[in-house]
Amino acid sequence: MTTHAGPVLEALDVEKNFGAFRAVDGVSLSVRRGEFLTLLGPSGCGKTTMLRMAAGFESPDRGTIRIEGADVTGVPPYSRQLGFVFQNLALFPHLTVGENVAFGLEVRKVARAEQARRIEDSLQLVGLAGHAARRVHELSGGQRQRVALARALVIRPAVLLLDEPLGALDLKLRRQLQLELKGLQQRTGTTFVFVTHDQEEALTMSDRIAVMNEGRIEQLDDASAIYDRPRTRFVAQFIGDTNLFDGSVAAVDGGEARIDIPALGASVAMAAPAGLLAGDRVALSVRPENLRPAADGPGLAATLHGRVAAGVYAGTHHRFRIEARGRELLLALPARPDRPPPFAPGDEVEVGWDASRATLIKAN
Amino acid sequence: MPWTAAGRTLVAAVLLFLPAPIVIVVMSSFTARGYISFPPGELSLRWYAEFLASPDWLMSLVVSLVLAALAAAFSTLIAFLGALVFTRKRFPGAAGFETLVLLPLIFPHAALGVVMLGMAGMFGWTGRFPGLLLAHVIMTVPYAWRPIVSSLRKLDLSTEEAAMSLGARPLYVFRRVTLPLLRPGLVTALLFTFIISFDEVTVSLFLVGPDVTTLPVRIFAHIQDSGSPVIAAISTVLVALTVLVVLLLDRLIGLELFVESEQRRRPA
Amino acid sequence: MRFGRLAWLLMLPLAAVLGLFLVSLGALVWSSFAGADGVPKLDLYARFFARRDYVDVLVRTLWVAGLTTLVSLAIGYPVAWAVARHKGRRDWLLVLIILPWLVSVVVRTYGWIVILGNRGLLNAFLGWLGVVDTPLKLMFNTTGIVIGLVHVFCPFMILAILAVFLHLERSLEEASMSLGAGPWQTFRKVIWPLSLPGVISGTMIVYLMATGAIVTPLLLGGLRDRMLGTQIYQEMFQVFDFPRAATMAVILTATALAVVLPLGMLERRVSRNLKGAS
């Protein structure tokens, strides 16, 4: 396999329509060698279509796809040297586990002895050593998952594309396989492009996440940046919970901006990103864990007075729904062992956030 | 359902009633007497010997076997090719097309016989083998169509994509993935159409000629003319062949397929 | 797998066979309207309905087919139920139904000749018992035809109804019982309505097959108690009158479709209403 210095997989301004529906709308993306990149978004956002175009199952209406720097836009899937793990796994039901894994090697006319060795290795890699003679229908859900991985990895693909392969599993197995998958990716050094609609899954596994919505990439960033510094309203709301406050920029002075927020009946000061102008419409995103009661200490950039509507205990946190100025706020406070919840429904509270804990989002 | 002793008796009676005439024919074929009778009395194989000594009877058996084999092969192939396109391409009037494929099912057989006779006449095939074959193909295509279409619909297209992503070219995918996964449907179609063609009599009545006669039609003609137990012997051979195919189907696919295919039967 | 435009060529053999069938069908209908000078006329139909004996044959065909269907339903329904609810392996029960169904009509009818004939099994048995002095006339009349046709076609009915029962969730019955409905009410309000698609499609098939039968009516009914099928056969091979046979074939098809098509629509409506029930 040739190694090439640039991105291992690239999409340049790719567009795909199904009838009148634009599934992918001018997406450009470049995947770095050895990374775990996740395409994350709600159903219908175009993430699976992107993946299928990369694999060659769909051809883009416009744009270019490159693998190892070579244009493969019109190249059929069997000539692309990519691995694909399907949502329903698509194991061959008429073949044994070993025969499933051997399929790609036989197509490549790999010598028998080497085939046997590589099948053994890849089954070992996924923890299924000794299962080669089993039939697919004799396996558990998690085992099938591993066969699908072994089958795709044994051909040493340039990139492994995974289309929501964990979707059908129950939560516990899913969590376990997420870790295994991440470990596998790190051990083999294979580039993974993973599609999911589950933001928690994406945050757990990915080096980088591309959040997609309505056929476009809203934000492509490190996993932590996606959560801490969402750049669009959609990203802020899709990844985790957040409190959004709409407002407009009253003034920009040096590195600081004053933002009027009608919902607060006040304005707040915060660091201004480059290019922000007075009069811009913006929103502030404040994560529930970045809100705190004013009673905990001074220094809040803004405060609201409200009443606790409901509270639940969620393991590590207490989560409260607070009604303030005609809207709802979400507040998360760390749970302390052996302490009762700090608030009960009906309590009056004063909450707010520290200036550094809010993220400014420009409205488009 | 209110389940009473009377109900059980009725069910048992029907389940005896269905195989009864066949069992009686088979048993009376072993009679030593010169006329058909039950119980058969003294046993002998003389009527089987007579069957095997008759070139006419043997010829009809060969005609029926060849006809059924060819009709099964052709209608399965034709239905398979058509169903492949039908299930994978969208086209306007697809539902109407399927109705058309199943159309021969909604004709009374006596009327179908007249239609087929007219068709054989158009080609000058009246009373000849090609006419019989064409008619049997038309009649059996719907029976091949249903198991094949349903196995094509059940086929998970992502297995084909998986094969392609592993580097297999379309022809290889077809040979190693598609075809093996469709095998149950194809085997069902082949065996089912074989049985239907092999046992068919009503429409064939209109198409046989002095030189070409199927076994069921020859049996029919002989029943009208004589009461010789040789008919029972030959019928037994026919039954044995049918049993063989049914056992094969049971082994390979399972008999519930007949129930399934019945459910999909929607004339008109 | 993706197909190019050439894929349509794969459809060609099927389309050709279907086209041939449609053309022959058209030719048959056309010849049934054949007039003396090539102008389409209704003469052949007028002559058919003018003959008392033909009309009798038509009426007998409808009567025999209707009776066959009713009897098949009456005995087929409980059998389908029993097979569907049979605990343990169903294979042997299915063999008892499917094997006779697949054995040639000629052989099965022949078996009935052996059983029902004047010197047949049944009369011999009754004579031996001393129940009858002269043999009962069980063949060469409508009774014989109906017995034979029910035997030949009731497996269609059983299998059609069984197909529905096999997909019927047992929990529906249990739900009905838990709501206080007794067995009879459960049957009337739950099982019977849900089994209607099977009943209707079984009825369609059996009626259709019975109207078009030749072998069984000819062998068990003889030449006196004719049905349309046997009449067509005679016109064709004893009188060699193709146009008349064609006319009868069209009449036969029309009488069959007059029942089958409305039933087909009914079945579709019933199935639609029952969507999600099974």
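Going by the order they are written in, the chains are A, B and C; count residues from 1 in each one.
The rule is short, and it goes like this: a residue touches a chain if its C-beta (ideal position, glycine included) is under 8 Å from a C-beta of that chain, and two chains touch if they have at least 3 such contacts.
This is a predicted model, so every value here is computed, not measured.
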Which of the chain pairs holds the record for C-beta pairs in contact?
B-C
Need the most distant chain from chain B, centre defined as the mean of C-alpha atoms.
A
Just give me the whole-number Å value for how far the CA centre of chain B lies from that of chain C.
17
Interchain centroid distance [CA atoms averaged], chain A/chain B, Å:
56
Approximately how many whole Å separate the CA-defined centres of chain A and chain C?
61
Please output the residues of chain B touching chain C within their complex, sorted ascending.
1-3, 7-8, 10-11, 14-15, 17-22, 24-25, 28, 36-38, 77-79, 81-82, 84-86, 88-89, 100-101, 103-104, 106-119, 122, 134, 137-138, 141, 157, 160, 170, 173-174, 178, 195, 198-202, 205-206, 216-217, 219-220, 223-224, 231-232, 235, 238-239, 242-243, 245-246, 250, 255-256, 258-260, 262-263, 265-268
In their shared complex, chain A is touched by residues of chain B numbered 156, 158-159, 161-169, 172, 176-177, 180-181
Using the touch rule from the top, collect the residues of chain C that touch chain B in their complex.
1-3, 7-8, 10-11, 13-15, 17-18, 20-25, 27-28, 31, 75-76, 78-79, 81-82, 90-91, 93-115, 119-121, 151, 154-156, 159-160, 162-164, 166-167, 183-184, 187, 191, 198, 201, 204-205, 208-209, 211-215, 218-219, 228-229, 232-233, 236, 242, 245-246, 248-250, 252-253, 256-257, 260-261, 264-265, 267-268
Show me the residue ranges of chain A that touch chain B in the complex, using the header's touch definition.
55-57, 76-84, 86-88, 90-94, 103-104, 107-108, 151-152, 155
